[in-house]
Every structure is written in C-alpha cells, then in structure tokens.
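Below are two complexes that have subunit A in common, paired first with subunit B and then with subunit C.
== the complex of A and B ==
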C-alpha cells in the first residue's frame, strides 16, 4: 500500500516535471512563433487559394475559383516570361560577380592585421546603404563618372544593359558580405595543409586549386545559396528604374499586378510561381554544391 | 606573439626584411586594395559632395570640389520638407521596437530549439527556418489584407509586426547556430543548484549570447531601416512614410534640386553609418562566425 502510493507520487512528480519542462520550452518559443505565424505561416496558406481565383480588386466581394487558369495564362504571357528572364539574368551576373570579387578580396585580406581590418570595415560599408539610395546614387555615378570616363552611355538608360547596370550596383553592395564569409572560410583552413603542399613542391596555383578551393566549398555553398535567394526576389533595384520594361523583375511584376492593375488572382499566381522557382532552385543548387564539399 | 607578428606585417622594417619578390607582392597588394577601396567609396563620396554644393555650383560642374562648401542644403531640406522629420520619426519608432522585439523573442526561441533534439523541436526548427525561402511577394497580399482588417495599415504598429515576423527565420537560424557552440555545463550547474529554466536563461545563457545578439540587432536595424518593399505595401499614408519611401518621393519631386535630394540621402545614411562604424567589430566577426556552420 505504502509502496504504491510512493510510486504514484513519483509518477505524478515526473509528469509535473515534464509539464514544467515542456511548458517552459513552449512558453519560450511562443512569442517568436506567433509573430512568425502571423506574418509568414498563415498568409502563406492563405496565399495559395487566392492564386486559383479570378479575384480582381484586393477587397473584391465576388470572385470564382478558376482552377489553374491563372497559371496557364501566365506561362503563355510573354511579358511575364520576360520578367523571369530579366530576373535570371540579374541573379546570374550578381551571383558570379559578387562571389568572384568577394573571393579575390578575401584572398587579399584574410589575415588579420590592422590594415586588413580597416579594409574589411570599409569594404563591407556599402551593405549598410539601402537598396533605394544605392540605386539612386549609382545612377549619378554612372552618368557623371562612368560615362565621361569610358565614353559610354549610362547602362541604366540603355535597355540592353540595364540589368547588367543594376547587377553591378547589387555586387557593389553585397560583395563585402561574401568577402566576410570567405575570410571566415580561409581562416578555418589549417596551415599544415599548405606546409605539406609546400614540402611536396606545389606552386601557389596548385595550393589554391587543390587545398583552398575544396576547403572553401562550405563558404561557397553558403554564399551562392544566399545570393540566389536575394537575387531572385530582387525588387527595390528594379522598381527604381521607372518606365523601363527591360528592367522589370518578377517581383515587380507581382507587385504591379496585385496593387497596380487590380488583378489579385493572377498576381498571386505569379508570386506562387516565383516562390516555387526559388525553393526548387535553392535546394537544387544547395545539394549540388553540398556534394562537392569535402569531409574533414 | 601572434599580435606582434600581425603588427610586423605593417611595419617598414618588416617589409624591408622581405626578399625583393615578396617585397613587390606585398606592396602591390596594398596598392591594389587602396585602389579597390577608393572605387567602393566613390558613391559615398558623391552623395556627400553633392549634398554640400550650392545649386549653382552643382549645375556648373558636378564633380569639382565646391568653392564654398555649404551645409545650407541640410538646413533647407529639414526646414522645407516636412517628410524628412516624419520619415526620421517613423523610421526610429519602427526600427527600435522591431529590433528589441526580435532580440527577446528570437533569442528565447532559439535557445529552446538549440537545446532540444526530439522530433517535435526538430520539426519546429524546420518550420521556423523554412520562412527564409518564402519571398515577401508571395505573402504580401494576404498579409496586407490581414493587417488591413486589423486596422493597422499605415501605422507604425502594423509595420513593426510585419517586419519583425519576417525577420524571425533568419535570426533563429543564426542564433541557434551560435547557441549550439556554447557549452552546456554552466546551465547544468545552475539547474543542479536549483535555478529554474527561466532564471537560467536570463541569468546565464542570455549574457553569453551577447556577441550574436549585438550582431543580430545591428543587422536587423539595417534591414528595417533600409526596408522598402514592405514599407511600400503597408504604409500607404503620407504621414506613415519611413525614410526610404520619403526619399523616393522627394527625389521624384525634386529632380532639379539635386543638392537637396542628396542632402536627404546623406542625412538618412549618417545614423546607420555611425551605428555600423561603432559596432563594426561585432558585425564583421558575427557574420564570419555564424556563416559557415550551416
């Protein structure tokens, strides 16, 4: 009798412990989760049904489900596909440029010294400027400095070059970020590897090709994946170049169709396509790059 | 020992002690870097230069250093354009609360997610992180409708909620990575001494998280202060405009008075540059430490 009572007591103690333990955990997660649910999770589940409707104005009272009509219409729409090409073009130039520049800079200043630390601080500074201000200021850098210096028109005024012009601005802003991540990667490579290579008679290209580059793969994966997702959602840069069809990205297309043209259903469908492309591409690129990472 | 070596890297005597080939390479490195840094800083220089020129100076020759540098543009833009003051007020009143909300909510959530490995917590982590892949354009319509129905469109509160919710994923990702690197012994000792969970967190873990918290706070400040895509959707009223919105509209209206527009740009950049330069040690090391774990 006595034994049973102690056992139940212990059990009760255990459950109250578990409740307290998990209760505290849940309480800790709750505020962040509520915020996240309110802004991302719930709207995401609301957004999918809207893309299957012919809803026009945002607060339209009557609308019908039209199945996948919006998606078919969009995939046949030349203007929409062009915005995708623009986005892809921008993202490609931006990823390659920002990563190459970031890597070259990182190779030059990865060791810590006072000069290198100051250089890092200054090279990361563009990241603190808003996309809006960067684009506006750069439009004057193009017209007042680049044009007279090289005798070419400002790329933001020429429809075949505008995407490249915007990608250069994005590179200027984000290459410092890539650089910091590459510096972290370079600092984590053990020095013995280079000593061993030196003994074996490797030259500096061999060292870079067979030690530095493979050991940097995690940093490359991180940078490429991050910049891919930033590039595909490019909105601000493109929005600043008004009245230029060649500069329009998919994100701007979505905004214009939902808030400008009052075609919420179609606009939402194009946003879902953008999200799908972003998720699939990011995962694909991530898994391809991950496979090339070497295990330590 | 190490410090001495790094100091030597800059020293002239060290440079002279190098073999000639290395002497050339190290000199070339410094020159190339100075050249790149100059190019990177050109846009900052331009916006400062244009902002201290008088109207006649700027139309005469844009790039020349002004004969009479003037701060009058700053005074004029603040006095004549009421949206400068409104923009500053709204940007400060949204950025600070957002950053603080994120500091407390995400550090608490990340602590739980980093210290529990059961399937439930793993699933919660995945849900939190999956938000990184959702572009704002995907959720902006339902979010706008929900915020409208709550009557929070064009209010600071609506913008604060939206911005902090959107920033949760990336913050949780970086902070969780950081906490996994903190040894558990201290927490275990505290719990043996009878310290409850909440007290353990605030008294022991939270102070240990200072480096990542400072980094996250500054990064979140940057993202909110510079945000345009959320603001353009949610802030539809002139009096609710944040700085980037106010800048764009002012710029569109004042194409002829570039000096004033640039004074506005520079003015909006100054607080963020001060913040960055005073915390740059944390930012640079924070980004470097959090990045390559993933």
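== the complex of A and C ==
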C-alpha cells in the first residue's frame, strides 16, 4: 500500500514536471503555430470539401457535390500522372545534385579562415535571390553563354534536357544552403575521432567513410527532407517553360486547373493528392534517414 | 413673398453646389489588363490621360498581369476577395465564368457599339451565348515580318505562293543567313503559325463550329483535313533552325530579329511597336504567309484589345463612359500603340504597314476568329499550344515527329481535357 502511494506520488510529480516543461515548449511554439494554422492549415482544411464538387471558377457561387469523381478522373488521367513523373524526375536530380555540391563545398571550406568566410558568403548568395529572378538570369545564361560556347541548344528548349536544365538552376540556388548545414555538421564532429583514426592508420577516405559521413547523417536528413519537400512542390522553375510538356510539374497542374482552366474542384482534388504524396514521401524518407543517424 | 423667394434661391444655390460637389467627387477606375508590350501600356496611359483631361475628377489605376501565367488567377482572386476592378480586359468567350457570375455588363443594347456598325466577326469576338459583353477596340493579325535590308541585299522578292516561299528560304540558307528567328518559349507561336491555314480553310468550308466540336468531342482533328495541311505548311517553314529557337522568349526573339540575326520572323502585329522600339530605324516589311500556290491565304483577324465593364464595381457608369470614349475616340491609343482600330479610323501618324492592315480588314476579305461559334477555351488552348510546341521542337531538333503523330498527340491531349472537364 505504501509502495503504491509512493509510485503515485512520483508519477504525479513527473506529470507536473512534464506538463510544465511541455507547456513551456508549447507556449513558445504557439505564435508560430497560430500563424502557420492561419495561412496553411485552416485554408487547406477549408478547401478539402471543394475537391468533392464540380465548382468551376473560384469565384463561382454555386456548385454540386460529385463525391470522389474528381479523384477517380485524375488518377486515370495520363496528363496528370505525367506531371508526377516530371516532378519526381526533377526532385531526384535536384536533391542529389544540390546535396553533393553542398557537401563537396562544405568539405572544402568548413574550416574558418578569412578566405573561407568570404567564399561561404558568396556561395550562399544565390539562395537569397528570388526564384523568378534566378530563372530569368539562367535563361539568358543558357541562351547567350552555354549555347554559343558549346554549340548546343539551350536545355530549356529540349524536352529530354529541360528537367535537368531546371534542376541545375535549383541546384545553383540551393547548394549554398545545403553547404551551410553541412558546415555546421562538420564543425560539430569532435576532432578526437580523427586523431584516433589517424593513430589507427586510417587514410582520408576511411575518415570520410567511417567518421564524417555517419556523423553527418543528421545534416543529411535535414537537407534531403527539406529539398524533397521543396522539389515536390516545384512551381516557379516549371512556370518559366510552361509550354514544355516534359517540364510540367504537379504544382503547375494544380495551379492551371484551379485558376487558368476554372475547374476549382478538379484542381483542388489534384492539390490534395499532391499534398498526400508529399506528406507520405517526406515522412518515409525522414524516418529511413533518421534510423541511420549516429548519436554523439 | 420676398422671404419665400430668398429661401427658394438659397435652396437652389445649395442644390447646385451639392450637384457640383457630387459631379466633381473623385472617381478611381481600376483597369485589369494583360498588355505586356510597353507601347500598349503607354497607349493605355495616353487614352486615360485624354479622358482625365475631359473629366478631371476621374483617375485610373492599371493592374497588369501576364496572360499566360497569372492574369486570370489574379483576377479570380481579386473578384473572390471583393476587390472589384472596374474594367476587365479579355474576350468574354474565353472567360465564360465572368459572364455566368455577373461580373461583366451586358452591352447588347449599347447604343455606342450599335452606332459603330462593326462587322459580325468583331462583335463575335466580344460575345458569348449571343450577347455582347466587350468593347472591341482594335484587331491583331499575324504573318511574316521580314528585314527589308536583308531582302534587298539578297535580291529577294516577297513570295506570294508556297513554292516561292520555300525557294526563298532555301536561298537564304544557301547564303548562310538564318531564314527565321523563333520564340517557342512562348507557346503562342506554334498556334499563330497554324491559324492561317486552319481559319482560312475552316471558314471557307463553312465549319464555323470546328472548335466547338473539337471541345465537346463530337469531332476529331482528323475529321478536318486542314489541320494536317496546317502542320505540313508549318513544317515547311521549320527549316534552318537556330540554337535559340526553342528557348527564346518573345522579347529575346525580337532582339535577335531587330539586330539582323535572321531575315524573317513569324509574329503577330502586336509586336510591331516593340520591334521598332528595339531599333527605331529598323526597315521591316510584312506579308501573309502563303498556304498554297493558288493565293488562298487571307488576312487573319482577331479582336485584340477587348475590354469588359464590371457592373458589380463602384462607378460602373463612369467605366462604361470611358470605354465608349475609347471605342469612339481611340486615335490617341492607336497612334501610341500602332494598333489598327476596329472602327476603321486611320491616323496619319500610323506606320504604313498598320494602315495597310486596316485597309485590308476594311475590304472584308478576311478570316475572322469571331465568325466561329466558339473560341477554344483556356484548357484546350493550353493543350493545343503545348502539343504544337512539342511538334516544333521535334522538327527543329531532328526528332522526326510526323504530322500524323502530332495529330494523334493533339487528339489525346484534347481527350484528356474533355475527361477532366
């Protein structure tokens, strides 16, 4: 009896502590969450019912409920499914490219020095350029520099190369961001590990393979997850080559059908399918990568 | 009695002051438009300034969005949020939801429009379901612009038949000159390259419901032979590819053309002002692309600037008055934008080429888009243009897509849209 009452008291104490701790965390999170809920969650849930209607323009005042018709039509529609393939293609090239470049750059300039600090700033700068501006600049780079220099057409005008051409723009813009996260990861690895490995006779590749890479897993998880969600939502890059079927992403399809084609019901259903795919894939990749992380 | 008269006089004076105050109450008119060309934007400013001079209390705010990407989305958002523009640019047939939701004024009985005695095509272009909803200010056409200097240097004549055009292209290629500079980053170019054959042949055959039938699926592309003919004609012009043809935007293509980088350019008349703004001394000529050796090609005409009045916005009467002013007194606009007016009024300050276009339209021997029962809607236009751009890419890069394959792709794309509609 006495034992039970001690346990209960400890439990109560723990609960009070947990509530106090989590409560404080929640309070800190509340302003950001409210903003997020206001601009993302509430509009999203408000728009879900529209996906079950035949609503045309977004300003239309009347519509009919059509059940899951829009979803069935979309899942049977070749044009819609093709946009998923394009999106996946872009995302894959973009994630691999931006991460590899970011990692290589980070490995080159992670140590602090005056030159490295300047280089980091310069390499991060493209990330501060707007997406629209960077795509405009790159369209001239491809046409006026790459084309005459190599005697090839701009990749933005060739279906088989357009995704790669767009991914290069995205890589150029975001590799600096990846680099910064990798630099933070590299700087947090204790130097003793490398010293011990050196004593054991490990070469540079061994150090990278068995120390750097495993210790960088949290940074890799962060970069891959983030770029995965950015890639799947890719809109701006695809918009610049609207007429290229091979470059049309799902986000552009959503925009076209909700607004341009005045079929808000169909467009909203496609948006929900995209959101579901994005949530499932991001969580899946995140959980797989987290399992490989090493605790310091 | 005196007292009574004094009261009446004071009341009358107060009333007149009040009326004056009402008349002079500031009015702000918002114009939503998609005129990308700088000269057209200057033309809009000019016609608005002329109206403001007559009505000093009226001021204008112009809101521009790119038609291909965000014009209608931004307009939809504005209308949904209750932020009502007074004047909306667009062809009512392309924006049927604006009509059905009551965002555009019915102008069927508008006396000013009636008094202009406009041809059926002009009115058709600004109508939907048999009612007039827009003011048809001016018209556009398309064809081949050529660099007169290059033509003179090479001793070339303007071709009048398909055979002559092909021979001319070959001569240019043999002389090491790019025959055309294209801008297929903008999907409209594939579309306008095919229109001449399709519109001319369809109207001649009496197929005024061709687009309606394709959109409702009752007819297929292969049911109309002129689609294949249009692609064949276009394919003949898709020679001497430049490395930048597929990636050039309209502006980039115009820059190359004005700089003498190519002898010809298939473009719309809307680009005339911009061509000259890039190089004021540029000597350009224009001819309608031949579609056969019999001279069947006709000037294509489509209302370019069509504006609708929003009855749900404040000061709709002022917006209506301004549009009537623009339609009847549009010379200021025409001179600035170098756009030919639908009213037929021609200013001395227009380029000779623009005057010629106005005269050609005046003859009535034209193929007018407004004479079809229905224009292609936005979703079908996108599908049509995307497939044509794919065809251009394949032809220019040696991909070898056949006309037959392009027609199949077009049909598939239309079927996909029909399935989602």
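Before moving on, here are some points about what is shown:
Everything below uses one rule, namely that the second predicted complex is superposed on the first by the 259 of 296 C-alpha atoms of A that agree within 3 Å, B and C clash if a C-alpha of one lies under 4 Å from a C-alpha of the other, contacts with A are read in each partner's own complex, and residues count from 1 in each chain.
Keep in mind that, in the parts below, contacts are C-beta pairs under 8 Å (C-beta built on N, C-alpha and C of every residue); 3 or more make two chains touch, one makes a residue touch a chain.
Since the structure is predicted, the reported quantities are computational estimates derived from the model, not experimental observations.
Comparing subunit B with subunit C, the partner in contact with more residues of subunit A is B.
By the document's definition of touching, both partners, subunit B and subunit C, reach A:259. Judged by the touch definition given at the top, the superposed model places A:245 against subunit C, while subunit B stays out of reach. Shared-chain residue A:154: touches subunit C; no touch with subunit B.
In the superposition on chain A, A:142 makes contact with subunit C only, not with subunit B. Contact with both subunit B and subunit C is seen for A:59 once the two complexes are overlaid on the shared chain. In the superposition on chain A, A:291 makes contact with neither subunit B nor subunit C.
In the superposition on chain A, A:73 contacts subunit C only, with no contact to subunit B. Touching of subunit A by both subunit B and subunit C, each in its own complex, is seen for residues 58-59, 239, 255, 258-259.
Interface of subunit A with subunit B (complex): residues 20-21, 24-25, 28-29, 31-33, 35-36, 38-44, 46-47, 50, 58-59, 105, 108-109, 111-115, 117, 119-134, 136-138, 140-141, 144-145, 172, 176-177, 180-181, 183-185, 187-188, 218-219, 222, 229, 232-233, 235-236, 239-240, 250-251, 254-255, 258-259, 264, 267-268, 271-272, 274-275, 278-279, 282.
Across the complex, subunit A is touched by residues 6-7, 9-10, 29-30, 32-33, 36-37, 40-44, 46-47, 50, 62-63, 101, 104-106, 108-109, 111-113, 116, 121, 124, 127-128, 131-146, 148, 161-162, 164-166, 168-169, 172, 196-198, 201, 222, 225-229, 232-233, 243-244, 247-248, 251, 258, 261-262, 265, 268-269, 272-273, 276-277, 280, 283-284, 287-289, 291-292, 294 of subunit B. Only residues 56-61, 73-74, 76-80, 139, 142-143, 147-148, 151-154, 156-159, 239, 241-245, 255-263, 266 of subunit A touch subunit C when the two sit together in their complex. The part of subunit C that touches subunit A in the complex is made up of residues 68-70, 72-73, 76-77, 79-80, 96-98, 100-101, 103, 184-187, 190, 243-249, 252, 377-379, 382, 385-387, 389-390, 393, 397, 412-413, 416-417, 419-421.
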